[in-house]
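Order of writing sets the chain letters: A, B, C and D. Residues in each chain are counted from 1.
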Amino acid sequence: MENVHEECGVFGIRSTQEKGIANLVMVGLTALQHRGQEAAGIAVNEDRSIRFHKGLGLVHEVFPQEELDRLGSGKIAVGHVRYSTSGNNTVINAQPMVVRHVKGQLALCHNGNLINSYELRRELELEGCIFQTTSDTEVISYLITRERLKAPSIEEAVKRAVQRLQGAYSLVMMSPTKLLACRDRLGIRPLCLGKLPDGNPVFASESCALDAVGAVFVRDLEPGELVVADDNGLRSISCFPDHNSCALCVFEYIYFARADSVICGVSVQEARKRAGRYLAEDHPVQADIVIGVPDSGLDAALGFSEQSGILYGIGLVKNKYIGRTFISPTQELRDAQVRLKLNAVASAVQNKRVVMIDDSIVRGTTSAYIVRLLKNAGAREVHVRISAPPFLHPCYYGTDVDSENSLIARGHSPEDIARMIGADSVQFLSVERALTLAGSKKADSLCAACFDSRYPAGVPSITEKDRFEKL
Amino acid sequence: MENVHEECGVFGIRSTQEKGIANLVMVGLTALQHRGQEAAGIAVNEDRSIRFHKGLGLVHEVFPQEELDRLGSGKIAVGHVRYSTSGNNTVINAQPMVVRHVKGQLALCHNGNLINSYELRRELELEGCIFQTTSDTEVISYLITRERLKAPSIEEAVKRAVQRLQGAYSLVMMSPTKLLACRDRLGIRPLCLGKLPDGNPVFASESCALDAVGAVFVRDLEPGELVVADDNGLRSISCFPDHNSCALCVFEYIYFARADSVICGVSVQEARKRAGRYLAEDHPVQADIVIGVPDSGLDAALGFSEQSGILYGIGLVKNKYIGRTFISPTQELRDAQVRLKLNAVASAVQNKRVVMIDDSIVRGTTSAYIVRLLKNAGAREVHVRISAPPFLHPCYYGTDVDSENSLIARGHSPEDIARMIGADSVQFLSVERALTLAGSKKADSLCAACFDSRYPAGVPSITEKDRFEKL
Amino acid sequence: MENVHEECGVFGIRSTQEKGIANLVMVGLTALQHRGQEAAGIAVNEDRSIRFHKGLGLVHEVFPQEELDRLGSGKIAVGHVRYSTSGNNTVINAQPMVVRHVKGQLALCHNGNLINSYELRRELELEGCIFQTTSDTEVISYLITRERLKAPSIEEAVKRAVQRLQGAYSLVMMSPTKLLACRDRLGIRPLCLGKLPDGNPVFASESCALDAVGAVFVRDLEPGELVVADDNGLRSISCFPDHNSCALCVFEYIYFARADSVICGVSVQEARKRAGRYLAEDHPVQADIVIGVPDSGLDAALGFSEQSGILYGIGLVKNKYIGRTFISPTQELRDAQVRLKLNAVASAVQNKRVVMIDDSIVRGTTSAYIVRLLKNAGAREVHVRISAPPFLHPCYYGTDVDSENSLIARGHSPEDIARMIGADSVQFLSVERALTLAGSKKADSLCAACFDSRYPAGVPSITEKDRFEKL
Amino acid sequence: MENVHEECGVFGIRSTQEKGIANLVMVGLTALQHRGQEAAGIAVNEDRSIRFHKGLGLVHEVFPQEELDRLGSGKIAVGHVRYSTSGNNTVINAQPMVVRHVKGQLALCHNGNLINSYELRRELELEGCIFQTTSDTEVISYLITRERLKAPSIEEAVKRAVQRLQGAYSLVMMSPTKLLACRDRLGIRPLCLGKLPDGNPVFASESCALDAVGAVFVRDLEPGELVVADDNGLRSISCFPDHNSCALCVFEYIYFARADSVICGVSVQEARKRAGRYLAEDHPVQADIVIGVPDSGLDAALGFSEQSGILYGIGLVKNKYIGRTFISPTQELRDAQVRLKLNAVASAVQNKRVVMIDDSIVRGTTSAYIVRLLKNAGAREVHVRISAPPFLHPCYYGTDVDSENSLIARGHSPEDIARMIGADSVQFLSVERALTLAGSKKADSLCAACFDSRYPAGVPSITEKDRFEKL
């Protein structure tokens, strides 16, 4: 499937104030920008129709003030940020997808990935549907609008449509009069509800976006829950009444989400510190300082430090002004570009035994570089601790994690890897520990399929990559 | 209907050479650029799929070399330039429209305007179709792909689909293996066929695009004709076998087309010179020099000169470096901006009685300005001759001509207008003369509905503007 | 000298209205844009200082409304457009050059080229001066400001400084309180004075810029004249009282200036028509139609037509939407790009004997292409008439004409050239005729050194190209 | 003086490899980007001349690969990044300044600010010099090139010139054959020397740029030292042989420099941690967690934690995707924009007594916002500790610190401020402590004039702001 790589951020809001609603969405999307930097889009209602704008780039690039002004004022708005994957990066696939159908207009924002989109698309094509994009979102749009022909309301149409979807999806949608949010049967992707000071609702992939717009966190949506917000207030609809399990993607805690977000009642920073504490317990080491690889390794390093009693330090500095990578005529320059991104703080690591916490080892090249950096800066020993298990299985639920991401972990023991990257030791978090990152009671409510191959929402029957692109 | 204003250019080509096919389309579209400066797009086949790129702006802005390279090589390609109208100028509505359907992919380029698109769209929506744009092209795409479910071939599907269309359309389309071109039942919009030196076919709105790519003109498509080009060569299909009238838009000769194009066997320059000759015959005047308002008035001025024996001169110079109009803080500056666009050549008109040929008088402000310019430069008399009748009726077939375009001609006699714009006399081409611009034999095969309200393809039953935008 | 290629446009204005003075300069520069498309700049006085902005590109690209607004209001402003030459195209060399010196600020705009700038620069360097650009303008700035140390006024300093300059220069300058304009001893480059409706003065390289801002033409500056405009009105100063010859560059009439400008009392269009008439007299031919190569050949074609009685026609159409030239993978595409720029109007030339008027033959490739184009369009014969003599000698006075520009004319007879470019005949204007383009009385007051090597202002003693760039 | 605000970064390099030298400078400048984001420039030698490019923006914006390629290869190169101050942000003032003089070319990069530039400029103007910029760098260029008229070498000219300069300057310069670096008499601005693996020298404002290009740190330049690097190796020249005091700007440690740099033998991170330790000693507090305001407060927070034994935490998360600030139609949105930049991690501070370390309190608005943020996130107490004394005096040596920067600290006691910003307590580092940030032995070799008004290099006699801009 060509559209596996869809880690994204979704946002929706109602505002009685109307003025500046597009700016509010822009603020929310900027808070979710870490979930996707490829493309951004905003749709706003206006009278009985929907205006929208989307484009490639960061939120503030796609939305200069003129564009926000052009979107005008409205009572309902939704927005989307899209993950940057190589290839297929066209504005055609950007979201929200805004469609006109027999009953009016609909704007959809989608985070996640279906496993049965091929079958659904095929079925729709056989009924004469045409597709202008390669995204699941267009499939979902069709299902909803076709149900809408018979259903008494848009929310009923959404309910019926999502019952046909298999896989992961957090949806934020709007008709010209209603704001809707829906989370898949297993709640694989996060989605939460907040409240503005004036009582209006906000939906967002992560709570940090609620904070940004000045809303207070109310609760996460339940798995399979559809919430409708209109002039009559909020209504909750259960799309899968007989179903009540949960399988939140554990990688949200490990990597995707921002440290200041709270997902399913658990602080992301707290989960990461817990990973660090587990590593300290399971793989202790004699050392003088523990440092994190910025930005995602810092919280786990703090946890490791607290658990082990080893001093926490800032041993690596990231350059925040790096632009695109240039084509390097010489090896000397290629090295320089890597060095530019990250530098060691010699005074912090000199003559010390260092524990270095990172969230993954992919091909090992980066890890080897950082280890060398620390040793060149005078570190006596470097012990690498990874705050996640090795990924061994592909993700079909909307993340860019696939088995290639840990080539080095496949068929190599931690000892092998340590030797390969020049570290004095290497250890990973165990899968069992990963499953308790949100607390031991939630072990059954996390999806860790990329580590343990237990796919709670099944796997796609057809998996050729880029089928639609190529065909 | 919000999409009335669709004067555009279409282009399609096959190439055995494959390499650089996107560049060839770029050349063809640049030759058609005068038909639309709002947006441009190119689609190229590749294996069994279609790659495409489109964007807002001029062809060379939308297609820097990197974009052309990215489109790669292929055997079939189509392209489109879109007219710049105010509002609704988004890349979403740019063409080609590329859709995936049950049998594969289809790219469509469309010039013209349907009068029954509202009804067709409604019917499709009731069957569960969704629309992402506000263009007729999406309606046509649906009709074709739905017919394709039952039809044995794409050409058969196109034939069945266009039989349902009412209005004006010249279509250039491609599947990954076939290039197709089709002209509406009355041939309202032009479309011609050319042949590259290696025998491959080219389709274009105007013959000047054939010249640009080095193809020779073969013939115009017949009204209602569908031509298919694939590995087996060309095949012609008649979509309306029982129908054989023609109603080419007369405005193609008067204004739209380029002087070096030949449409339906008639040179555009020749038609314009004929307009000038008719004016000289019907509305003679004693004068020393005849000048044209650049660029479109020049050919008619030449005809006027030849017929009347009055010397032809170059009395007005256009500044080709004008950018966007700036917001002027003072009247002095607003005047300056107008003066910047056009200046009189004093030595050409000083102490002379001047005949000034233009192709239209809209509100009269511009004409009044030019007359004043010539008088300030020393012209003793200025006699205005317009190479078209006044537009009095809206066009529903894809041009931006509506009744507002000649406010001054409504309810005012030529004598009134002369007084209003400060000219010594004003005269228009008569409707009868306009109908013979392509030669007296073709009087019955031209559409001049904007002058005489005889609409050969009917009028839309629903005409609210921007229905889809607003709804 | 690296800065030989300096065909430029200069403009200066006073305005009592103050508001929008930068916009007025923008209008004037846009009217002069044909004299230079590389860079543009505007300086405006403000209190006792000077604000300025300059950049690479067309006037409207360098000056979006924000930039004009930023320049604020003022009573005096000057502007410059710079010719696009390959290489050395940096904003550092753009004008006006604005310098601070002991008595305040000075902004200079310069059109022309000195022949003793190397010696002057060297002398200044030996006194400790530093140069940040490679332009003559910086040399002139130094001379003026150093004279200003001793001179009682800026005008006296300018007078003393220009007495040291050899070569061609039209200068428009401003201090925060005075506007100054000065033309070299021989008046090689044009410069004229106009008057706004409110009586304020305007200076411009060509009268078309006066028209654009709504000023009336007053007179050309005399060779060696310095005009100062301040709160006390205009004052004329003669910088070379004992000198009274003139040597206006004949190429201004043939090529540089706009057809609607009047230079030294002679209409540019009229001079060009005269060139056409001379060609008809000196090199008559039996033909059916005479056409010009747009844009500069059109006026001469008109003159040829009038003199010969052969019908004038529009046989070539230029595409005005061409962007940058792309890199062509194939010969087919390279050809297409050339075809795109210019196309023949078949109906105008078919079966006809054609006289084609152009203003130069350089390497012959373009001429050969146009001849082929006309023949392919059906022309029976093509007779080429060039409205200038062949350039045989370099220009040291600020034009981009050098001997390479007519490689084909060197050592080849007109008959040879006709054969080489496929024409039925080729003829040039004679040097004698060129010298009378402004009327027979002005034969002694034109510089035609590029044709006859009689350099009225001498030649540089040091001519290595790009000395400063390389050293 | 209009050019007080000149915190910048300078860089110079020799390379035997030649190829890609501009890329190496780009890497070095990117590592120094935190010292200036307004403009960037690079100059490279080529044969006996100097090529250069400079522009507004970040290094990677000003130098796309094409620009780097255009600079070609060379053996010597220098570069500059310029601080972004409001106003006067034109490319004219960007560096390196490249000048041509009697003996050839010179490129200068300057970090710092002179106090006698007005007098020097005046003196030069009286000798007929002209100035095209408002920067000290042009004054220095003149002094050097005028000395060069008499001096036997460029290094001797530089020595003589800098003896006339008063104030702060770190210079990196190049002639086409020599690379030179010079630090002012008191070493107010930092400048260090490194060595590439192949032995070639590198000069940079901070050692982090040496790390980036793969060079090892050799030593800081001595105050008043001039180092020349050419084909004969390195030579050190003492410009002020009788002088040997040092007055490094203490603000380099507190704020400007990057944590991984080492200046005058002291690690910047270590100095910041020391500030934190001092605060813990001098202003202890009962608390549960100590957090830093990112990025510059983090190291001091670590020091406070180590000294006090209070747990270190990550309590604030910065959004790294913020673009320009938009104009907010409502107060709600203005608040949202502030919230977007920084968010609290509730799980880290909830129910805790928090010590919050920042490097300054300016107007108090930001501090008040952060305190409120922490309290809203559940912090029971917030104790603010500032890792610097309040600035009370203007800096004349090239930093953007002026007395306005601490309005709130003037005339308000820490207790007042605590009340004003809603904190439970506020304390500043004392001036005595600040003077020992680089170790107690270096107390006499730091400049802390902005805290204690003891100006080691004097103050300017003329201080009107923007004199040159306005005059």
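Please note the rule applied: a residue touches a chain if its C-beta (ideal position, glycine included) is under 8 Å from a C-beta of that chain, and two chains touch if they have at least 3 such contacts.
Worth saying up front: this structure is predicted, and the values here are computed from it rather than measured.
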| item | value |
| --- | --- |
| Comparison of B-C and A-B by number of C-beta pairs in contact, larger one | B-C |
| Distance between the centres, which are taken as Cα means, of chain D and chain B, whole angstrom | 60 |
| Rounded Å distance, chain A centre to chain B centre (Cα mean) | 48 |
| Distance between chain centroids, defined by C-alpha means - chain B, chain C (Å) | 37 |
| Each pair of chains that touches, named by its two labels | A-B, A-D, B-C, C-D |
| For the chain C and chain D complex, residues of the former touching the latter | 47-49, 53, 90-91, 97-102, 104-106, 122, 125-132, 134, 141-142, 145-146, 149, 468-471 |
| Contact set on chain A toward chain D in their complex | 17, 19-20, 23-24, 26-27, 30-31, 33-34, 37, 58-61, 65, 68, 208, 211-214, 258-260, 262, 267, 269-270, 298-299, 302, 305-306, 311-314, 317, 319-324, 326-330, 332-333, 335-337, 339-340, 343-348 |
